[in-house]
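Each of the next two complexes has chain A plus one more chain, namely chain B in the first and chain C in the second.
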Partner chain A sequence: MITYIIRRLLLMIPTVIGISFLIFMLVALSPGGVGAALRVAGGGATEATNRAVQEAYLEDRYGLDAPVVVQYIRWLGRISPLKFGQRDQVAPTGERISAPKPLAMPWMKEWLPAPLPAVPKGQRPWPDDATAEQRNVGYARASDAYAQDRAAYVAARTLYREALGPYLRSVGLSHAVKGNKVREGVLAKHTPDRSSEHWPAIESAGRRMLATYERAAGSRANLAAAFEAKPFPQAGVPVIPGIVSVAAPDLGMSFARGRPVSQLIAAALPVTIGLNLIAFPIIYMIAIPAGIASANRAGSLFDVISGTFFVALWSIPTVWAGVLAVGFLANKDYLGWFPVTGLHDAGADRMTYLPSRGADGLWIRGYLLDYVWHVCLPVLCLVYAGFAVLSKQTRAAMLDNFNADYVRTAKAKGVESRVILFAHVFRNSLLPLITMFASIFPAMLAGSVVVERIFAIPGMGSLILEAINLKDRELILANAVMIAMVNILALLLADILYALADPRISYS
Partner chain B sequence: MRNRFGLKDLVVLVAVLVTLGSVWMSMVQEDRRWKEVDVVGKRVQALEQGQARLQSSLDGASLGDVNRRLTNLEEKLAAALERGVAATGGAGTSGGSGATAAPGRRDESWARPGVPIEWQPPYGFDSDPNKVEGMRRGGTFTEAFNAQPSTIVPLVYKDVYGAYVFERITEYLAEWDPMTLKLRGVLAAAWQYAPDGSWLRVRLRDEARFSDGAPVTADDVIWTYKWAMNPQVQAERSRSLLDFIDDITKVDDKTVEYTFNKVLFTNLSAAMGVFTILPKHFYEKFTPTQYNQATGLVMGSGPFKLAMLDPERQWTPGQDIRLVRNEQYWAAKPVYDELRFKVIRDDLARVTAFNNGECDLTTPSSSQFARLRERPDWTAHNDARMWYNIRGGYNFIGWNCGPRNGKPTIFVDKRVRRAMTLLLDRELIKDQLFEGLARVATGPFNQTTAQADPAIKPWPYDLDGARKLLDEAGWTLKPGRDVRTNERGQEMAFEFTYASGSEVTEKLGKYLKDQAAKIGVRVSVRVMDWSVFMQAMDNRDFDAMTMGWSPSSPESDPNQIWHSRFIENQGDNFVQWANAEADRIIEAGRRELNEDARMKQWHRLHAILHDEQPYTFLVERPWLRIVSKRVGNFTEYKNGFQYDELFIRGPGASPSN
Partner chain C sequence: MARATSTSGAVADKPVAVEPLIRVQDLAVSFDNGSGPRIQAVDGVRMSIYPGQTLAVVGESGCGKSVTAMSSLQLVPRPPGRFDRGSVWFRSRLAGELGSSNGEVDLLRLDEPRMRQVRGNEIAMIFQEPMTSLNPVYTVGDQILEAILLHQNVDVDQATEIALKAMRDVGIPEPERRIKQYPHQFSGGMRQRVMIAMALACRPKLLLADEPTTALDVTVQAQILELLRELQVSRGMAMMLITHALGVVAENADVVCVMYAGRVVEYATVLELFDRPLHPYTRGLLASIPKLGERKDRLVTIREVVENPAEFEKLPGAGEGVRPWWPWHQPPKDLAAKDEPAGDYYLQEVSPNHWVGVWRTAAVRDHQSRPPDLAYILPRQATGAA
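== the complex of A and B ==
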């Protein structure tokens, strides 16, 4: 059993890698691409040159200028708990600091007016006996300087690319600049015509690019030296010192919202789980007894009516049901029993947990009741469609067993029918229910897009939907990987429960 | 039998888990309440400090009066402060006192000699709630947004809703006067603008201070600018709008000087209206990363402040945004206590929440608006407001006037473009597609502003005129055929591209197709996802498209949409319209600092665009808002409405059900 579980867990790794690779590529290669979504999110009412530079900044920040496969490998490295190479450090503010990012090379070295400057040796910006405070300030200063110089270089590099445009068009090579990249392979075969009228612009842009490159390389060396002096405690635990370490996975930053993905998920997940923790027991507590009862009296009026009723509920689209619920149950022109949206009242933060009497003798509903009152309609929309499948499954499994030989034997022995029903038939009908149970967990995490939208609930459903709309790659990937892992784990759990429920099953 | 895990055990287990979970949740809630109490405590402390600072900062002349009042009302601390400040800081309403009142005594030592100083009138209400009958103090005003702002932090905000929130808490140096649409000083008491437009000196108001009582100084302005320009701060959007500024230097504690690297008419308004002034002493504590990731870290000098400003427990998307009146506000203070923003994305749920009294103001969809305002039982308790202002944009159909994939489109000829405009009954489009809640646009400039030439009237709906123009352009209808052809036998057909997601554009596509068929033009429709659509615009890979522009200021800069320079490099002139005269007018207009002369240029540009029709300007959209009658003093302005002028009537006046 144990080896089986370990084997399954190990199998998870390639599965997750496969899933994430597929999604990564889908997002990266989708028309419009990640960069386009970033620009849309930023709202683009700026001059074209500014916009190119602005895009270059964004691409530089999120590493979108690298080839897609490199981006994917970087992403894997970040979410993998096993880290290779230099360990991250944790600043006093709790920020995780990685080694400074490398600089991209200037475009077309051969065309530049001067050779590339040698990268100077970095200077650590504090003395040997520096205090923690001095190191902190020194590191912050070095990191500021590098950010400034790097930004200037990224801008100059973009402007150089733009400066190439008129010249390349004049010599019929405009395909050599594609999007934000200069295809150096194409240009290598071309001997530049330095007497062209467009050449001075290229030369001055090149000079600026070189100068900013030199400064950025210098401050990068300084920052690297500062980083290597380890001003802050290191993150994670070393496995092989200096080569492999274990640290918490980093889910990255949401492009569209500029916040760590882990924070976003941590805010949305409890909301969705809370809703589902109420919804699923309701489904189970109604559907399973109903299934048992209708199997016990198959063909009776109850069986027919409950079956029809559940299937009828199951056929109602949630969008419509939600709108009806808001329109009639929440609208004060009609019944107005429930609040329209949200999870809490405005003043819920100041309420006591349980209902109580306030200082003025008035009844205060309390935080718990307030929550329950607010989730009534969303939970209603979540549960009503769930009865049909579960009760039909229970009924079918029970009926199978009712007709089995051992039940006839038990009946013949004179065993009480209640005992037959629960101890024999129900227990043996558990397997399909367990399968159903395993599919619940991923559904719990994914949330319901429709319900969350109608009732303005900030859960996982709306988070994922918005991530997809904005092509927020890190957020999509994190969610997909999380849901994939929970799915796999739930299937594993189901398999283990099979073995517990049915002694005939063993995995050894 | 073995000891199995039975039903009874399950029940016990669940009961234990529920109890434990419940205990834990109650602890969390108690913790939350405890922190609320803590916040109240901190607020009282801040008020006490503020009072001390206020006393020490007032000069001898006015000190006696305020001091007496303050000591008299020491017990009612908050109320006392409110009145004390209204007497000194609320100069806008009472005609003013102190340094800004008498022009003769104005301190001009900060100014450069020889350049006229533009003193700004005292800042206050445009429509004073205190003078409205039935005004009541206190209460909460709630607005429901229809999209979720992901952060409300200045500079790094992502959407207009974020801006609506932080503009209540922080202030610009200057803003557009809501009635005249001229620039007026908010934090700026006066400015000097170099006659050649190369520098700008701004004097801050003496009385301006942040919500913690600290004065607004030149250091704050410079720090905010430097912070916005720091590449580690994710303020790309503001940064790209600030590239005309060379530097901002400090002249004295209350004066800064801008130097510009290019002379444009937008410099003056952008210099004072792109970023709100942030308190250096508050924000200095945070690293750029902390600032970038902040969701509710807003502090400033505005009439409101966050109900809870705790870097450890910030507002996060999903919660209601709670602002309270800034009791320390230096100008006219709002009369109600709390301003609240909630987010309800679903149209039906939002309007239901409004009808239930859960919010006082919201934006309905056009169809909801049209339906609600017809209901007498609804209008008895609520108002449906529709007005044109500078923030409502226009919708258009753009015709690709340049090559698509190397081949010129049929719209290269301006007669064809004009025929397309004549083909569309825009009054009908307005009435049927926009529920009558729009007006026909004449050009790219908002008709509310002086930028638009009022003499230009929209082209009429004229099918025969359209046919004649197409005949002239060489697209003729041969007998027995239903599609026009030119002399080379090419059929007259084009593709209409739009982004998915809007019912209105979908209907527009069908209408265009029907109308075009009437005069023998074949239209096919291409629908795309928004980001793919933007890519098609960038690559100029379309024949005709539709979209909307929304302006950000009363005088929009036509440069980036109409200048032929922006055909290259994926600029915003995606219809590839090039007109040498328009280019000249745009360049001259942008450099022209005299407003009247500049308006003449814009009117000329308007006329050219009207003649050329690179776009068919469809409609201008107004603002639609539904407002509860509980809200008093709601005034429609040319730039929207003013939150700080409202008041909330007593509960008795609210809808009875």
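== the complex of A and C ==
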């Protein structure tokens, strides 16, 4: 059994890699590509050159300039708990800090007016006896400086590429610039005509590129030195020091929100789990007894009415049900029994946890009751459609077993029909219910997009919808991989439960 | 007709208990068939079993033999099933409690709590499919214990002892280990032994064995029947052995009841039946069995026998117009059906201690045979180890 579980867990790795590859490609290859939402931000009036500079900056910043497969492998390296090379450091904000990104070389060194400057040795921006505060500030400064200088260099590099355009067109080599890349291989065979009318523009752009490169390389060396000095605690545990370490997966920064994805999920997940921890027991506690009772008296009035009722509920679209619930039960003009949106009143932070009597002698409902009151309608919308499938499954499984030979044997032994119902029939009907559980469980973490939107609940459903709308790659990928893993784990859990429920199943 | 006392020779060999343990009287059971007419599974069945006796009920699938046995324990699902008429009188411990003067209770009319006291306790039943008749999710020990704890006033330790002994009695090796195992860890024959151990753990007076060996291979069949015979002799238990294998009947039964289409067509002691089958259907059954050492290109089918009109003229009294009942025939011209259910049919004692189902023709219009009732146990040599 243990070996089986370990084998299954190891099998998860290729599965998750496969799933994440598919999702990564879907996001990356969708119209507009990754970060399309960021690019649109410029507006129509921007000049072509400015837009090119802006685009180059964003692509450089988010690493979108590399081929998609390379981007994927980088992402996989971040998400993998096994890390190679220098260990990351964890800033006090929770952000994962890696070694500074390498700097791309200027294009066509041979064409430049001056040779490439040597990269200076970096200076750690704090004294030996610096306090943690000083290191913190020092690192932040070095980091900002590198970001600025790198951005200037990327802009100058882009302008250089743009400046090459008119000259290359005049000598019939316009194919040497393709998209945001300069194909140096094509240009290497070409002897530049330095007397061309376009050459001065290239020369001045090249000078600027060199100058910004020198500054960027210098500030990168400083940042690298600062990083080497390890101003922050290192992430994870070393396995082979300096080469391999194990650390928690780095889910990256959300493009749209500018916060670590792990923080966003950590904020949204408890909301969704809290809702589902109320909703799922309600579904199970109503649907399973109803299914048992229906099976026990198949064809009876209760069977017919409960079956019809549950299927009718199941047929109501959640969107409509939610709007009706808000319109009738929450609207102050009608009943107004429940709040319309959110999980808490504005003043809930100041409430006591349990209901209590305030200083003025009035009852304060307290944080807990406030929560319960707010989730009534969302939970109603989450549960009403769930009864049908589960109760029908229970009923069908029970009916299958009612006609089994061992039930006849038990009757012939003189066993009471109630005992037969629960100890013999229901016990044998558990397998389909376990299967149901395995399929429902991941939904517990994924959240319901519709219900969370209607009631403005900041749960996983809202988060995922937002991520998809903004094409926030890191957030989409983190969610998808998490849900995939939970799915796989739920299936594994179901398989373990099968073995517990049915002695005929064993994995050894 | 007067009550025959002897003459048939074999019957008088070994007189046993005077009173039958169970008497099935005019039992009729029908099933709802949705929109169509009700299906009459059993119609006017009569039989009786004496303590220590084995009654074999023979017939093809759907002839009503299982329904007869299941009705005795009220195991027929109702609805769609329904007891139309008749009664099943059983000599029960409950008789005193129910104020029965002759010690018999009608099993068809017991309420559910009392019925449960009979099931598995005074009457036990084993089934055809040992593969599916045990609950797959409980150990065999749990399942045997369930029966013991229900009917005997013992604690779990004592019950375990009883279960171990029962398993030992039915020849399950290493019962201490096997009692903790699940049904799927047993072979087919071993599972049937578990079923028998479970059925016999409470020492029932009557065992209903519904084709106990049909699903097993031939050598295991022989072992299981041997085991049942030994246990029956050592405990003086009565048994209703439902089967369609006439070889099983010949070796195990004392009295045979042949059924067809829900009615008894012939009823006699095992020797009498095999020596002198009177109903064409019984003759067809016997003719269709291959005999060891006899060369034949093809066997006679039952059909060939029952489709031969001459076969229906051989009954004693055929001259006076006594015709064997056969559902596929047009009723004879001189039918004098009584105005009651199954009034066209009559189970006549055509010769002493030998009953045949006949048409209620004018010749037997006012006959009133005694119901089939044979207190006969075939004397056998003790087989195998005791």
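Assume the second predicted complex is superposed on the first by the 423 of 508 C-alpha atoms of A that agree within 3 Å, B and C clash if a C-alpha of one lies under 4 Å from a C-alpha of the other, contacts with A are read in each partner's own complex, and residues count from 1 in each chain.
The rule is short, and it goes like this: contacts are C-beta pairs under 8 Å (C-beta built on N, C-alpha and C of every residue); 3 or more make two chains touch, one makes a residue touch a chain.
These numbers were taken from a predicted model, which means no experiment stands behind them.
S.K.: With the two complexes superposed on chain A, say which partner A:Arg504 touches: chain B (first), chain C (second), both, or neither.
M.R.: second
S.K.: On chain A, which partner touches more residues: chain B or chain C?
M.R.: Higher number of touched chain A residues: B.
S.K.: Going by the contact rule set out at the top, does A:Asn428 touch chain B (first), chain C (second), both, or neither?
M.R.: Only chain C is touched by A:Asn428; chain B is not.
S.K.: In the superposed arrangement, which partner chain does A:Arg257 touch: chain B (first), chain C (second), both, or neither?
M.R.: first
S.K.: For A:Ile454, decide between first (touching chain B), second (touching chain C), both and neither.
M.R.: After superposition on chain A, A:Ile454 lies in contact with chain B alone.
S.K.: Determine, under the contact definition given at the top, whether A:Gly361 touches first (chain B), second (chain C), both, or neither.
M.R.: In the superposition, A:Gly361 contacts neither chain B nor chain C.
S.K.: Contact residues on chain B for chain A in the complex?
M.R.: By the definition above, chain B touches chain A via 7, 22, 25-26, 29-30, 32-33, 36, 140, 148, 150-151, 156, 158-159, 230-232, 234, 236-237, 239-241, 243, 287-290, 292-293, 295, 316-318, 320, 340, 342-346, 348-349, 352-353, 355-358, 529-532, 534-535, 552, 559-560, 565-566, 568-572, 657.
S.K.: Report the residues of chain A in contact with chain C in the complex, numbered from low to high.
M.R.: So the residues of chain A touching chain C come out as 404-406, 408-417, 424, 427-428, 501-504.
S.K.: Touching chain A in the complex: which residues of chain C?
M.R.: Touch list, chain C to chain A: 73, 75, 112, 115-121, 124-125, 127, 129, 132-139, 146-147, 150-151, 182, 184, 195, 198-199.
S.K.: Which bits of chain A are touching chain B when the two form their complex?
M.R.: Contacts found on chain A: 31-33, 36-37, 39-54, 57-58, 61, 91, 93, 95, 140, 143-144, 147-148, 150-151, 162, 165, 256-260, 263, 267-268, 271, 323, 326-327, 330-333, 336, 339-342, 346, 349-354, 367-368, 422, 453-456, 458, 471.
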